Each structure stands twice: as structure tokens, then as C-alpha cells.
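Heads up, the next two complexes both have subunit A, just with different partners, subunit B and then subunit C.
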Partner chain A sequence: MSDRTADIREVARKWLTDGAVEAVVGWEQGTYRDRTAPVLVRRAEESERLLFNERCTNNLMTYLKREPVRSLKTVGIVAKGCDIKALIGLIQEAQVPREKVKILAVTCPGVKNPDGVVPVKCQACEVNTPTFYDEIVGDKIASSPDRAARLREIEKIESMSAAERYRFWRDQFDKCIRCYACRQACPLCICNRCIAEKNQPQWIETSAHPRGNFAWNLIRAYHLAGRCVECEACETACPVNIPLMLMNRHMAKVVEEAFDYQAGRDPEVQPPLRTFKLDDDNSFIL
Partner chain B sequence: MTQETRTEASAAQGSEAQQVPAAWEPRVVAFICNWCTYTGADLAGTSRMKYPPNVRVIKIPCTGRFDPLFMIKAFERGADGVLVSGCHPGDCHYTAGNYNARRKFTVFRKLLEFSGIDLERVWFSWISAAEGGKWVETVRNFTDVIRQKGPFQEYREMIDVR
Partner chain C sequence: MPYMKMDSADLPKLARGLAEQGRRLVLPVREGDELFYREGADPARLDLATIPKNSIKEFLFPKSEKILSYQYRGRDVSVEDVEPPDTKTVIFCARPCDAASLPVVEPLWNWDFKDKFFNQRRSGTLLVTYACRRAPDEACFCVSLGLSPASDQGSDVLLYPLDESTVAVRFVSAAGKEVEAAFSPFRKGEASEEDVEAFRKAGEQSLAHRKRLDKVQGWLEAHLEDPLWAEKAFRCIGCGTCTFLCPTCHCFDIQDESVFDAGMRLKNWDACQFSLFTLHTSGHNPRDSQPKRYRQRIYHKYGIYPEKFGKVLCTGCGRCVAYCPVNLSLYDVVAAAQERAEKGD
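Let's look at the complex of A and B:
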């Protein structure tokens, strides 16, 4: 069996020594034993800090959208198959040039959330062995996705009456403290100035009030429709446990049904809300 | 609508609608495109066709300009229903604005539905510059539906929290 941590360190060291990349983004040991933290490695000798284990839950692609990684000319990034989906989205939308990023893919048997639970994304994983990368480490793992896992929870919500759904989401959104951790953690929430921070005019009320909370959570989900790659970073980051992935997965399902599109697969394809077909569904329009 | 018919409508709605004040009138906001529906509404006006004054028209350059935030803002400001209308597919002044809009509508209305918002309060239509009659009919039908449903209690509940 290969030692993924050792292999990652070796590749990172090689890339940094050769000057192939200016820095490598990866995971390192966190403050607590069962947590990892993101790290930016700039010098070859610091590669020893990198590691991979079942606690490497975070999607590091979110660092591509912000400083200091944003202004680097070349960067290496350690990524699981699910993280690479987010990068595919960023390449598709011309947010990150493909040649800027060197992908150090790692085969992944599944990770665990901070609470030790296996996330839905791992249950439904189709990319245990990534297919889009520059270098890959780890033994190949065949995927056996439980596709129903993605839909199980949203079907519960769909089977409720409209009034029950309204009540459910009101109760969830009432918890929101508007910390925007969901947005910050999301690799695809890419706007430098988020609509929630624009105040001339103020489209979304900023206080943690039901009115603004509803608007924010709806618009966040809407802006990710057809783009969300279901990495669950938002839900993991949420300090008040709002089931944000229910909304995201529902949107993914809607987009798949309506436009026959799944996010994070092909960097060459146009995202569904950036294009259209003449024979799109017109049945709901008078 | 007379007082009598309103009582009938309220009775059909059940207990919730009984709290509707007698003076309540539906507030309908219509986001309509400059080139087709607005001109169609203009035609209805110059043809002296009568339709409910409950509709508040907001002109947008194209349905492609429509952002779901407009709808949310309208509800936040007390709208009971929102209508979005523009050129028929193929007739967009900007060639493809309405096709892009259609995809946005498809996605956003499903999101509204998933969050428990009554989709009967959100209507979409294609009304051309020649269809003054369709504009009148659409506004009339929509206003009737909203009148039957009563005020948008769920949204008001959120707005009114202090």
C-alpha cells in the first residue's frame, strides 16, 4: 500500500525545487488531533508539513479565489476527486487558467466530517480515483457510488406540503447569524464583492432578521444552481447547522432534469445558466 | 370586485383568510420587458381596455435583465404576487434575452417551491406588443387568483418580525 502523505510530500518537494510552482496548497495537521488545516507551502523544505488522512475534509479550491494564491502565477494544489470538480467549475467559468494550476490528485477512500460522520459526498462518490490531474498519488480505488444517498434527504422535503416546507425552512433560516461562512468556504462563490455586501442599492438586508436571512439563503442557493459540485464545504462550515446541502442538491437535481447537466464534469462544456436551448421547457410560461 | 364576492372567496380560503381586512386589495407587481409586454400593455391602454388597477408595472429592458432579487424585493415590500412577462421566444429585441431568462425562471421557481413559497403567486408569461388583450386577460386572471388566495401571509410573517 502506498503512503499518500509521503508521496504528496515528494511531489510537492519536486515541484517546488524545479520551480514548476511558486507554492503548494495542501492540508497540514490542525490544532487538534482529529482536525486538519489548510497550509500554503512556499519552500521545498516545508513540504514535510503536508499530509493526507481521512480528516482532509476541506475543499482547498476555495483558496484559489483569494489572496495570496490568487496573484501567484503558478500554484500546486493537493486535491481529492471531489475537490477537482470545483476546479473544473472554475476553469469552465474562466476564473482560473488551467495552466496556472498543477493538480496533485490523491486517490481517496472517503473522508470524515469533524464529528466523525461519513459525509453524503463520500457515500455517493464517483471520483475516488480522480481523472483530471497533473500528477496522481495513492493506490487506485474503484468507486461504488450510492446514488440514492444524494436524493434521500431532499425527497423527504419534497414530499412535505408547501406549508410544512415553508415552516421547515423558516425554522432553519431563523438560526442564520449571517456570518457568510458558507460563502467563504465555497470554492464557487467567486464574486469579489458579493451581492450581500453591495449597499447601493441594498438588495439583501444585512441584519440577521428572517427577511434578510430568507433572501440571502435563497439567493446563495440560486447563484450556485448548475454550478455547485456538492463538496459540502458550506454545510460543514455553517456554525448553526443549516442543511444548506438540501437546497444545493435540490438545485442540482432540477438542473439535471431540466438541462441534462451535471456540474464539475467537463471543463469544455458551457455552464447551463450561461447558455440555452430553443426547446427548453416552456410549459410553466403563459 | 364587490364585497359579496370577496366574502365568497374568503369562505373558500378557510380560517386563515377570515383575518383579511375588508379593504384589502391584492398588490401585484409586474416586471415587464420594454419591447413586447410593455408595448402590449400600452396597446391595451390606448385601446381603452379595462383591467384591474392592482397591478404595478415596472419596466425592465428585457426579461434577461430580470434578477430573482427583484422578486424577493417585491415580496419584501408587500407584494402578494409577482408577474414577469416579456417577448415570445424568438422575438427578443436582444435575440436571446428571453431564452436566458427562461432558464433562470425554471431554476428559481423550483427553488421557491422547495422553500415552501406558493408558486401560484409567481407567474410568467410571453406577451407581444400586439397582444393587448392577452395582457388584460393575464392581469385579470392573476389578480383574481391572488384575491382568492388573500394576502401573502407567509412572507408578511417574515417581514413583520421585530
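Let's look at the complex of A and C:
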């Protein structure tokens, strides 16, 4: 059996020694409970800090959009299959040049959230063995996705009456404190200046009252329609436990039904909401 | 002086009794795997397993609060003050680190301007605190700030859970003594000073591994440009989880919101971790990178605030350690500063 941690360190050391990358983003041992934490390794000898285990939950692609990684010319990034989906989204949207990033893919049997629970994304995983990478470590793992896992919870919401559904979301959004952990953790929330930060005019009320919270959470879900790769970083980060993935999975389902498209699969394919075709099915608006 | 004892099982009844005296009731309840302080929850749901995820801050300084309203009539505008609600509150089974946050932030709300909203809520709030037998979470570091799992700062009444089924009660403040009658029906014997002292010692012992953070302020003064900030702050994703869960972070934003010709002015939680927090109208941003913003939070808590008000703006509750989405521990960073100060580095 392969030792993923040792293999990751070896590849990172090689890349940094050869100058193939200026730095490597990966996970290191955290200091709270058994958590891991994101780390930026700039020198080959620091590669020893890198590791991989079932607590490597964070999607590190969010670091590509912010400094100091954003200004690097080349960067290596340790990634699970689900994280790579986010990178594919960033490449499709011309946010990150493919040649800038060297993907150090790791096969993954599934992770656990900070609360110890196996995320839905792992139950439904089709990319335990990533297919898009520069180098891969770890024994191959065949995926056996539970495809219904993604839909199970949203079907409950869909079966509610409109009034029940409104009550459900009002109660959930009442909890929102507008900390924007969802946006900050999200690898695909890429706006330099978020619409929630635009105040001339104020498009979205920043107050954490029902109107402001509905506006914020709904617009974020809309902006991720057809883009969200269901990595669950937002829901995992949310300090008040709003089930954000119910919205994101619902939007993904709508896009899949309308355009036969799933986000984060093929960097060559244009996402449906970024393209226009004369023969698009417009029956839903016309 | 001996302490009155009561059965832990009677705590929900006690909470109900205090609420029935005309107070809104706030107490910790379970939601999923975690505890939250919630207003108006059934006292039967009282859950004391660990420290709640939110702090008590929101019950004295709400996340969004109306502070005035205005109305345009043609060219005239009338402005109307909003009076703070005259609500009485009991926060039942707050943790000592939460209670201790109140004397820490009181000088801020009464410095150049007396904030009537905070002050009115504060004076109407009764704090019945539930001391920790042992540090309830791995993130706890109250002892680093000179507090302890049984500190009485900010509390009106302090409950010491001596064992699984018994609490000793101490009436700390005048407001606490006033509600003594509500406790009397539950009296079940007495605990001695020695019992409570042993409890206090055991609590402190459970945090013996934590450093005293008493040299940080001086170290910060000379290390504004230290490489530590950029190195530690790499991980920070710039969300407001740490500041919003913090019992002592108190920064707010002022927003005007109107519908046609009527509107209101709101005071909303804000966070130094957001780039918009310091963005000037000119476009200049004095804290234009996350390391600068991350550093600011530590400086405000451990340098600027103590310099101004004589108290560290932190009670060691550990929420920013436990719930940081990227496991960037404030304790680790401040303890590193303390260590370097001790070494004269």
C-alpha cells in the first residue's frame, strides 16, 4: 500500500528543488483536535510539513484566488478529486491559467468533516481516483458513487409546500450573521469585489435581518448555479450551520436537467451559463 | 461562608422561575452536535455538555439593530430617535468566559460616547453563570488571560457544578442577591468553602498547559513588521467567523436603509477581517492585505485595547480557535509572541 504523505512530500520536494514551481499549497497537521490546516511550502526542506489523511477536508483551490498565491507564476497544489473539479471550473472561466498550476493529485477514499461526519460529496464521489493532474500519488481507488445521496435531502425540501419551504429557509437564514465564511471558503466565489460589498448603490443590504439575509444567500446560490462543484467548503465553514448545500445541489440539479451539464468535469467544455447557442432550448423563457 | 447547594436536575425549573419574574430567557440548547445560546427556548432543553458555539454577545449587542428612523416629506425630513428596548433578560448558564467579556467591553461602550443600547441591555441583564468543572473544550485558554473555569467576573450568580448532580450557588453581585428568593425553594443543604476551592483548583489544573499571555502587549509594540504576520496569515481566508463568534469583538458598521421616502439607520456587526472595513472613499485601503488585517485583530485585542482600557480584549473562550474554517489558532499565534517575548527575541 502506498504512503500518500511520503509520496506527496517527495513530489513537492522534487518540484521545489527543480524550480518547477515557486511554492506548493498543501495540508499540514493542525493544532486543534485532529484537524489539518492549509500550508504554503516555499522551500524543498519544508515539504516535510505536508501530509494527507481523512481530515484533509479544506478545498485548497480557494487560495488560488488570493495573495500570495495569486501573484505566483507557478504553484503546485495538492488536491483530491473533488478539489480538482473546482480547479477545472477556474480554468474554464479563465481565472487560472492551466500552465500556472501543477496539480499534485492524491487518490482519496473519502474525508471526514470537522464534526466527524462523512460528507455527501464523499458518498456520491466519482473521482476517488482523479483523472486531471500533473502527477498522482496513492493507490487507485475505484469509485462506487451513491448517486442518490446528492438528491436525498433536497427531495425533502422539494416535497414541502411553498409556505413550508419559505418557513424552513426563513428559519435557516435567520441564523446568518453575514460573516461571509461561505464566500471566502468557496473556490468559485471569484469576484474581486463581491456584490455584497458594493454600496454605490447598495445592491444587497448588509444587515443580518431577514430581507438582507434572504438577498445575500439567494444571490450567492444563483451566482453559483452551473458553477458549484459541490465541494461543500461553504457549508463546512458556516459557523451557524446553515445547510447551504441544499440550495447548491438544487441549482446543480436544475442546470443538469436543463442543459445536461455537470460542473467541474471537463476543462474544454464551456459551462452553459457562459455560452449562447442559437439552438439552445429556450422553451423555459419563451 | 457556606454555599447553598441544589440539584442540577432543578436547574430548568430555576430558569423558568427567573423568566417568570418578567425576563426573557436565554439558555444553551442543543442543535445537532452543537450547543447554542438561544432566546425563548424551553428550559427543559437546557444542555450543559460543553461551551456553546455562539457567545452571549448577540443578546447585548445584536447583529443588526435599528438606532433611528427617518422620513422625507417633500423637502423636509424628520428624524426620530429609537429607544432601546426596556427588556429584562436572564442569561442562564452562561460560561465564565462569556460573563467575563462584559466587564471587558463595558469601558468601550462608555468611552467617548455612552451607547444607550448596550448600556440599557446590560443593566437589564441578569447573568447566572455555570462554572466549568474542567475546561470544556480543547480550545479553551481562559487561564492565559488571568481568568479561570470558575471566574466570577461579570456574573451575578455563579453556579459550581461540584459533581454530576449537584451545584453550589454563590450570589456574586447585588443584582444576584436580589434574586436569592427564586433559588430558595431548591435549596438542598450546603457546600463548604473547601468544596468550592477544590472545584476551582481542579478547573485551573485542567488548563495548566496553557501559557500566561502577559508579555504579548510589550512584544507587539516592537514587532509590527515581523515576518510572523505574513507567515501565520497565509491560511486566513478573511471571513468574519472569529470576530462574530468572539464575545469581545465589538466593531460595527452604520447603514441607512430606506424604502421610498422612509428609512432607518442600523448598527450592524462588522469585522476587521473584511477588506471593505478600512476601504477609504478615495480608493486607498490602509489595510490592503489579509496579513495586515489578521495582524490588526491581534493588535487590537492584545495591544491597542489594553493600552487604552487596561484590559486585554479576549477572555480565552477559544471559539476563534475551534471554529476557524482553516484552523488558524489565535492562541498559537499569541503564544508564539509570548514565547519570543520571554526569550527577548
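Just a few scattered comments:
Following the convention adopted for this analysis, the second predicted complex is superposed on the first by the 274 of 286 C-alpha atoms of A that agree within 3 Å, B and C clash if a C-alpha of one lies under 4 Å from a C-alpha of the other, contacts with A are read in each partner's own complex, and residues count from 1 in each chain.
As a convention for this text, a contact is a pair of C-beta atoms (placed from the backbone, for glycine too) under 8 Å apart; a residue touches a chain by one contact, two chains touch by 3 or more.
This structure is a prediction, so every number in the text was calculated from the model and none was measured.
Looking at the shared chain after the overlay, A:T129 reaches neither subunit B nor subunit C. Once chain A of one complex is fitted onto chain A of the other, the partner contacts of A:N59 are absent, as it touches neither subunit B nor subunit C. Applying the stated contact rule after C-alpha superposition, one finds that A:Y166 touches subunit B and leaves subunit C untouched. In the superposed pair of complexes, A:T107 makes contact with neither subunit B nor subunit C.
In the superposition on chain A, no contact is made by A:T5 with either subunit B or subunit C.
When the shared chain is aligned, subunit C comes close enough to touch A:A185, but subunit B does not. When the two complexes are overlaid on their common chain A, residue A:H209 makes contact with subunit B and with subunit C alike.
With both structures placed on the common chain, the touch criterion links A:L278 to subunit B but leaves subunit C unconnected. Subunit A uses residues 205, 209 to touch subunit B in one structure and subunit C in the other. Those residues of subunit B that touch subunit A in the shared complex are 68-69, 72-73, 76, 89-90, 96, 99-100, 102-118, 123-126, 138, 154, 157-159, 161. Subunit A makes touch with subunit B in their complex at residues 154, 157-158, 160, 162-170, 195, 203-205, 209-211, 214-215, 218-219, 221-222, 225-226, 247, 250-251, 254-255, 258-259, 272-273, 276-278, 280-282, 284-286.
Chain contact summary for the complex, subunit C toward subunit A: residues 31-34, 53-54, 63-64, 138-139, 230, 234-235, 237-241, 243-245, 253, 255, 257, 266, 268-269, 271, 274-276, 289-290, 321-323, 325-329, 332.
Those residues of subunit A that touch subunit C in the shared complex are 30-33, 35-40, 58, 62, 66-68, 115, 177-181, 183-185, 197, 202, 205-209, 212, 236-237, 239-241.
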